[in-house]
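Think of it as A, B and C in the order they're written, each chain with its own count starting at 1.
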Amino acid sequence: MSAVATANAKTLPLTGEGVEEARVVPAVAGWRPASAALRAAVPVLALEDISVSFGGVVALRDVDLRVAEGEIRAVIGPNGAGKSSLLNVVSGLYRPDRGRVQLGDRHFSHVPTSRLAGFGVARTFQNLALFKGLSVLDNVMMGLVHRRRAGFLQQIAGTPWARREEAANRAAAEEIVGFLHLTEASERIAGTLPYGLQKRVELARALVARPKLLLLDEPLAGMTLTEKQELSRHIRNARDSYGTTIVLIEHDIGVVMDLSDSITVLDHGCKIADGTPDQVRANQAVIDAYLGVAHGDETELAS
Amino acid sequence: MPAPSIRASRLTSNHIGIALLLGVAYGIVPFTGSEYLLDAILTPFLALALAAVGLNVLTGYAGQVSLGSAAFLAVGAYAAYNFNLRIPELPFLVSLLLAGLVAALVGLVFGLPSLRLRGFYLAVSTLAAQFFVQWALTKFGWFSNDNPSGVIDAPTLNIAGIPVSGAERRYVFSLTIVLIATFLTVRLLASQSGRNFIAVRDHEIAAKVIGVPLLRTKLLAFGISSFLIGIAGVLWAFAYLRTVEPAGFNLDRSFQILFIIIIGGLASIRGSFLGAAFIVVFPLLLSRVGAALLGNVFDSGVLEMSQRIVIGGLIIGLLIAEPRGLIALLDRFSIRVFRKPRHANQQPN
Amino acid sequence: MFDYQFFIEVLVGGLLSGVMYSLVAIGFVLIYKTSGVLNFAQGAMILFAALTFVSLLERGVPFPLALLATLAVMVVLGIAVERFVLRPLVNQPPITLFMATLGLSYVIEGAAQLLWGAQVHGLDLGISDTPFDVAGVLISQFDLFAAAVAGALVALFALFFRYTRTGLAFRAVADDQFAALAVGLRLPRVWAAVWTAAGIVAVVAGLLWGARLGVQFSLSLIVLKALPVLVLGGFDSIAGAIVGGLLIGAIEKLAEVYVGPFFGGGIEAWAAYVVALGFLLVRPSGLFGQKLVERV
């Protein structure tokens, strides 16, 4: 199946590599959570006994995690709890000392970063990671780069295939830009936009390929309350419209409780709780961990 | 160094400007320009501008700093010389193309370290290309047909039976080659490959996560860049100087090309041309002004030194005041003069 | 038959000139560690120092006075560079800073020769260059002297950065610029100190290299000898600069003598680069450089 034909469709195969990967995410407007039995069958993401350390400092210790399809999972914890390390392990930027990462039905001891997009995984970064010199639309089009097949000579010559590919990607990017209400800014250079908009562009870039799994590293950090509410709505919309499974790190507990289906709590590299927002809210270990740091870092519990 | 992205074929007023420039370049300059203007100013300007476009692809767009551009000029010049000498049946345009490809190949070899090295380490590694190529061309007589000091004399060119002799023809030939090469480069930069370059420059990790093939993208940048610089080297040797030696492609030449893109504007094709024009015209202006003000004291030694000081000072000043180079100053100026509100949000390339 | 005596002679000669590479490299490392700038103008500063000193001597200024004056000029130059070139560029990407020092090297080179003229000057430090014999191995007296001076200067810097307040601040800044800023260290003062040190290094290196090669424009190209040393040792490691300098010095001479003939000689210009790069491809963080974990 050609990338061109699929770029406009609502549903996408995750890579063009082979039959095995040609499963189609049941992503249509009006998405509803699959039945519990089906969810338990193949998690979109699973970590088994993941441990990471840097020069003797432990960042993650024996962490297990299962994220089911269509779920919005928040990962919370005090500063230095290992939240970002967890996303970096999933995206292959860190190599775990022990343990395995499962993405769909693939298992890895070290996720190959360069193939991540092909597996249907996209992410954003804690500190903005936009391509500052590109326009908003071009940034978003970059999110489809892993599907590009036309070589540079074809691109220079403008062969029909290269042009179709370009047009299809542009259309897909324009659609997601519209979806996130960025159309007005789409021709502007990303580096010149205000912070909140840049965050949204990064979300658009991650969403444009309709990933199966979306990792968001503090997507709401540094935003005003209104901006936070707006972006939360966009995140939930993305799940509802595209069926994307979302794992996000967030500091603002209030937003997290509203936004996520389930929450994982990390402290000092260990998982101390896992469950629905209500279960986590009532969990004694979580309360202890947060009270322990609350004196030094009031923002953690402020909501 | 945030730089504008490319939107080819949109601004119609730009198209009119380009058409006017082309009309002057082809229709008026060859017939009215003095031999001095054509031979000593415009032809070297064109060759340097193309070299700068090449370096800009690598450094301005893909963010990989190279201090070895002169090596690729030399590779292009000597490769074309040898194709022309050893396979005389080859039409010169084919030799030209092959010379570019040889330069691209050498560029790929010296670009390989970019996969593991970044920033300064990579910049230093490109110096290896600079020294190695210069050494090899001097050391091995084969490259220069056994000239003891590696000097090559370019023969008169023949394009489709028409000899490219005389200042006008050499100028028109250079102009045509440079325009075609630049046009193709602009198309490349406006395509997905061009976006990939900028992505790797602006955030390499994000580019990798998103699925930009880092290896292919960096090598493509090195290859295209050295190809263009190699072609520029052929023009430099065959259309401009017509007698070149390896020492003419020294580190100072590499710096000169780097300075062109810093002064003109990183990641700007128009900036490459503006910077090249500046580098060619500025010494002439300086010597006139210096001679007028200081008389005989202003000899060639003083000229060279004051040139170094002013160029160095200009680089520092531009980096502090306007890192996007003279082209950004020019654009700002033209916006003020012509009041084009369209430019407010969009930085033209 | 392999001539061991000759081999050792070449090796010792290489190591001794290596000490002088280390000296130049340390000038780079000091600045790189504190401000992340690869100061390409270091070579131009060496040229400027040597030219100033020689020109003062030739105008009849006594040796110690000329030395003091040169030191003063270089310190002023260093501080001026920090104040007027690098401070306005703070927070720019490292590559921009590097390009600025490239421009700076042009300015300094031009100024040095405009001020003092472009002719070649001889410089005699009063050290005879007659080789002396250690167990049958001939060693240049001048090389030994130069190595001793360079070694002494390195030791002095080590003491300074170990035991003074400014030295402590230097190490804090080198460790973590933001943390140092947070606890109230004044960065400009540390930078000024570092540029002063770089100026002093330039004077010593300028005199030693100038005495060996003659004081002329090519002196500023010493920077090209120091770059492979830095690549090998890591831009941020003083120990790396020392060991790297010795290694490059030895490798360069040995390669020229034993490998050079196969290529028709003259491989000095690039042999060091190839060695340094080959090493880097195997070990990207250099001899002593730290492997950084990138935070994203």
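Here is the rule we use: a residue touches a chain if its C-beta (ideal position, glycine included) is under 8 Å from a C-beta of that chain, and two chains touch if they have at least 3 such contacts.
Remember, predicted model here, so these are calculated numbers, not experimental data.
Taking the mean of all protein Cα atoms as the centre, the chain whose own Cα mean lies nearest is B. Farthest from chain A, judged by the mean position of CA atoms in each chain, is C.
Between chain B and chain C, the centres computed from C-alpha atoms are 32 Å apart. Centroids of chain A and chain C (each the mean of its C-alpha atoms) stand 48 Å apart.
Chain A and chain B have CA centres that are 42 Å apart. Multi-chain contact residues of chain A (touching two or more other chains): 93, 125, 129. For chain C, the set of residues that touch two or more other chains comprises 294, 296.
Counting partner chains per residue, chain B has residues 1, 205 touching two or more of them.
By the touch criterion given at the top, residues 1, 65, 113, 116-117, 119-121, 123-125, 127-128, 131-132, 134-135, 138-140, 205, 251, 255, 258-259, 262, 301-302, 304-309, 311-316, 319-320, 323 of chain B touch chain C in their complex. Those residues of chain B that touch chain A in the complex are listed here as 1-5, 184, 187-188, 191-193, 195-196, 198-199, 201-203, 205-214, 220, 224, 267, 345-347. Residue ranges on chain A touching chain B, taken from their complex, read 91, 93, 113-118, 122-123, 125, 129-135, 138, 141-143, 145-146, 148, 150, 152, 155-156, 158, 162, 165-166, 169, 187-189, 191-192, 205.
Residues 38, 85, 88-89, 92-96, 98-100, 102-111, 113-114, 118, 224, 227-228, 230-231, 235, 263-267, 269-270, 273-274, 276-277, 280-281, 284, 294, 296 of chain C are the ones touching chain B in the complex.
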